[in-house]
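The same chain A turns up in both complexes below, where it pairs with chain B and then with chain C.
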Partner chain A sequence: MRKYIYIYKSELMSTFQYVINILFRLINFILFIFIFMNLWNYIYDNPNELINGYSKTQMIWYVIITEIIWGAIEGRKYCRKIVDDVRGGNIAYMINKPYSYIGYAVSGHLGETTIRIIISMVVGFTMGIIFLKSFPALTAPAVIIVFISGILAVLINLLLITFIGLISFIIEDSNPIFWLYSKMILVLGVLFPIEYFPGILAKIMRYSPIYVTCYGPAKLFVDFSYMSSAEILLSQIIYLGIAWGMCYLIYKKGVKKLNVTGG
Partner chain B sequence: MSVISVKHLTKTFKIKEKKKGFSGSISAIFKPIYKEVKAVNDISFEVEEGEIIAFIGPNGAGKSTTIKMLTGILYPDSGEINVLGINPTRERKKLAYEIGTVFGQKEQLWMHLTAYDNFKFFGAIYDITEKETEKRIEELSKLFDLEKFINIPVRNLSLGQRIRCEIVASLIHKPKILFLDEPTIGLDPVVKESIRKLIKKMNKEYRTTIFLTSHDISDIEKLCKRVVIINDGKIVMDDSMSNLKYHYMDKKVIEVKLNTKVNFSNTKGINILKEKENRLRIEIDTKQTDLTTVLKLINPENIMDINISNIPLEEIIAQIYRKG
Partner chain C sequence: MLQGVKNQLNVTIKTIKYGLMREMINKTSFIMNVIFMILNNASFIIQWIVIYSLKEDVGGYTFNQILLLWAIAASTYGFSHFIFKKAYSLSDLITNGKLDSFLVQPKNVLLACITTDIEVSALGDLLYGYIVLIISGITVSKFILFTFFSITGAIIITDIAVLLGSLSFWIGRSDMIADTGNNLMINFSTYPDGIFKGAARILLLTVIPVGLTAYFPVWIMTKFNFKLTFVIIVITVILTLVTFVIFYRGLRRYSSSNLMISKI
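Up next, the complex of A and B:
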């Protein structure tokens, strides 16, 4: 584990050189939140009105949380990096090091995005508090649970993106698959909670990555209960295992057919 | 004691081929054609502990593929590999702790971190304690003379300094074998020389076995006692450096400036390499014609200037490549 903490730390140290770049990229995040604040302000006539069980304040906080989790991890950049590693043969030079490539990629990218996640949280919470003038009433244990659920969501997301990236072992370029995945997460996960979708679709979504990567932690943040937190955390742990297993299998298979010439 | 043992190693790559033009591109979608290329074809050799061995060959000969199989990066199609008693294919991770690799064309250091932070990172990934890593960094930075730039981000180092750091990073975990794939590529002659000295010093101090590939013949001449030449995936020569030179001792090169032209057309074993006005560069196969005969033919009184030398090692190796 120490080596992965070191990989995380080394990438984090490298990112300090680009704090200004990160701040510039936050403009997108601020615009996104601002647009959805106005949209929900427009949709909700009455601030106390409930749509599909959510008040206006809850809906805006929901979008802030999902956007922090999804937007800050920079999935497209991460997927492209893995695809490039596989296609460009870079992965070959990491294979003979005593670490797992999957662990290396995930911990490295976490290190790269930590500052962005922290800044997004600060900006998102500040915007929420300023414009909504409220903050969900969470007890200290609830805050810890939501935080853990958020971290699990980020980890599952990164593993699923790793898996998509590693599909490049089979189909040359898996970036288009990531594009489909990201649009699905954006439309069905980031913007609206599961309760907004019709019966069958909502049921399917409960078993999909959307439930564990977006909906779960955001739902706990806006409407916390120990019952739902147990359900969400359990699903996240199962998904984490599945996602890791998928990455492990495709990596193992891919490395065997690695085709790197040179020299 | 042999630290590397390779028996009947073979590796084939499947390469996609495409017919010419637009129709070729379309048909490649529905009916892809693959061509099999034997990158490594039934090679066998052994490397002794503490040896510095040159594994050379022209581009595409199979050098890097062999190194990649020896380090567990690629899986062989058939044959046996044993590196320090470990099978690289089955126990890649275990082997990683015992070997070091430097690929001259592929940096392994983190560009934004200082050399020192990079060494700490490598210490951590090889499970070395903080204290041990510090001790090792101190020792290696003295040996490789890194003190002046150890705290500078790698991206700001010169290529020579970076290569020194790359070698140190691969030595942090005290590997028993170091694979160097073109370590001096792109370096100026002075830096090349210093890298060679450091490699020699490291081999002497730690008895690290060195497996070197390089296109720079000086690297091989100055570092290695044994040369393995691979061409078209097959080993075409495996001999000591002194034997390699000895076998070609019967070939001499004469560069001469003459008063009047000499006709060599009826003399066997003479190959005119270059002729310009009264200057001549000839290669003599002394098995067919001895030097005295050639000098008599030229006539000493006709000579304005002369230089007799062995054929350069570079030329010897090029000839072996061509024969292979």
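Up next, the complex of A and C:
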């Protein structure tokens, strides 16, 4: 575990050198929040109106939280890196290293993601407080639970993207699969809570990655309850195990194939 | 002069053709890129179905007009990224001294460098635009206007990309500014202008040319307006001329990095 913490720290320090890049990318985040503030302002005729159980303020906070979690990961870049490692043969040089490729990739990217999440949180919360003039009433234990749920959401997302990237062992370029995954998360998870979708679809979504990567932490943030937090955290832990298992299996199978073709 | 334009056009078409042939060597990857991009874009229809289930019109746009907005935004993006892919990495070409090979060609440097490569997935965006146009109700006049505005829109967003990329001639790396500017155009062009109020709306319809590439074309396709069409044509021509002038001004400041690259 210590070696992965070291990789995480190295990437964290290296990302500090490129804070200007992150600040520039933050403009996209601000733009996204700005568009959705305008959209929800337009849709809600009355600020106190409830649509599918959410007030306007809750909806905007929901989008801010999901976008912090999803946007900061920069999944497209991460997936492309894994695909390039597999396609370009770079992965062959990592097989004989004393660490697992999955652990290396996830901990390295987590280092980059940490800085982006911190900056996005500062900007997102500032925008929310300035424009909405309110902040969800959360107790100290609730803040800790939301924070843990957020971290788990990021980890599950990274593992699922790693899995998609490693599909390149089977098909040459798995980037297009990531496009679909990212749009599924964005449209069904980042933009709307599950309650916005019709019955059967909402039920299916409760078992999908959307529930554990977007909906869970954002729902706890805007409408916290200990009952739902237990359910969400349990689902996240189960998903974390499944995602890691999927990565492990595809990597194991892929590396064998790599040996056969000579790397 | 006409012969020169004809020759340039010929070279550009051949470059695109060979780029396409190169990408089609791996057919599975080629088809997957195109199909998945179409599916990727189609997912946003869900977003608008949900939004329109809450309100009958959003920002003064009906559901059909939103489809048109998405169609024009996708095909504009598709045209531009398919034909002028390198306009979006111009900053890298300039700062890393990769323009050398284009300078020695007896053709227009800007056109040669931005058409040197194609983006396969952009073909999916382009096709998606026409698929959505068919879904929203196609007529001959709508098809002609749609194709025309996709081309003018593509030229405008390519101009913006070249202008932002050309900043590298003066300030060094400008890729972050260019990426931010290009993303800004894409993000705004997929939401109706009516949801924005005050200064933001004025900016979108004036300084940030999203109005020219997305909003005005939808208005014109809904109800033809000659004046607005004329404005789009005039601004497209002026912006393109300005782009060429700025790029060539900047080119005087370009210095090679003696980079050895092979162009096949």
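We take it that the second predicted complex is superposed on the first by the 258 of 263 C-alpha atoms of A that agree within 3 Å, B and C clash if a C-alpha of one lies under 4 Å from a C-alpha of the other, contacts with A are read in each partner's own complex, and residues count from 1 in each chain.
What we mean here is this: contacts are C-beta pairs under 8 Å (C-beta built on N, C-alpha and C of every residue); 3 or more make two chains touch, one makes a residue touch a chain.
What you are looking at is a predicted structure, and each value in this text was computed from that prediction instead of being measured.
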{"item": "Partner chain in contact with A:Ser14 - chain B first, chain C second, else both or neither", "value": "first"}
{"item": "Touching partner for A:Leu258 - first (chain B), second (chain C), both, neither", "value": "first"}
{"item": "Which superposed partner A:Glu172 touches (first chain B, second chain C, both, neither)", "value": "second"}
{"item": "Partner chain in contact with A:Tyr93 - chain B first, chain C second, else both or neither", "value": "first"}
{"item": "Most chain A residues touched (candidates chain B, chain C)", "value": "C"}
{"item": "Touching partner for A:Glu195 - first (chain B), second (chain C), both, neither", "value": "neither"}
{"item": "Contacts of A:Leu31 with chain B and chain C, given as first, second, both or neither", "value": "second"}
{"item": "Touching partner for A:Glu49 - first (chain B), second (chain C), both, neither", "value": "neither"}
{"item": "Contacts of A:Lys3 with chain B and chain C, given as first, second, both or neither", "value": "first"}
{"item": "Intersection of the chain A residues that touch chain B with those that touch chain C", "value": "none"}
{"item": "Chain A residues within the chain C interface of the complex", "value": "20-21, 24-25, 27-28, 31-32, 34-35, 38-39, 41-43, 51, 171-173, 176-177, 179-180, 183-184, 186-188, 191-192, 196-197"}
{"item": "List of chain C residues in touch with chain A within their complex", "value": "26, 28-29, 32-33, 35-37, 39-40, 43-44, 46-47, 50-51, 54-55, 58-59, 121, 176-177, 179-180, 183-184, 187-188, 191, 194-197, 200"}
{"item": "Residues of chain A defined as touching chain B within the complex", "value": "2-3, 5-7, 10, 13-14, 17, 90, 92-93, 95-99, 256, 258-263"}
{"item": "Interfacial residue positions of chain B with respect to chain A in the complex", "value": "13-14, 39, 59-65, 67-68, 71-75, 92-93, 95-97, 99, 101, 103, 106, 108, 110-113, 117, 120-121, 124-127, 181-182, 213"}
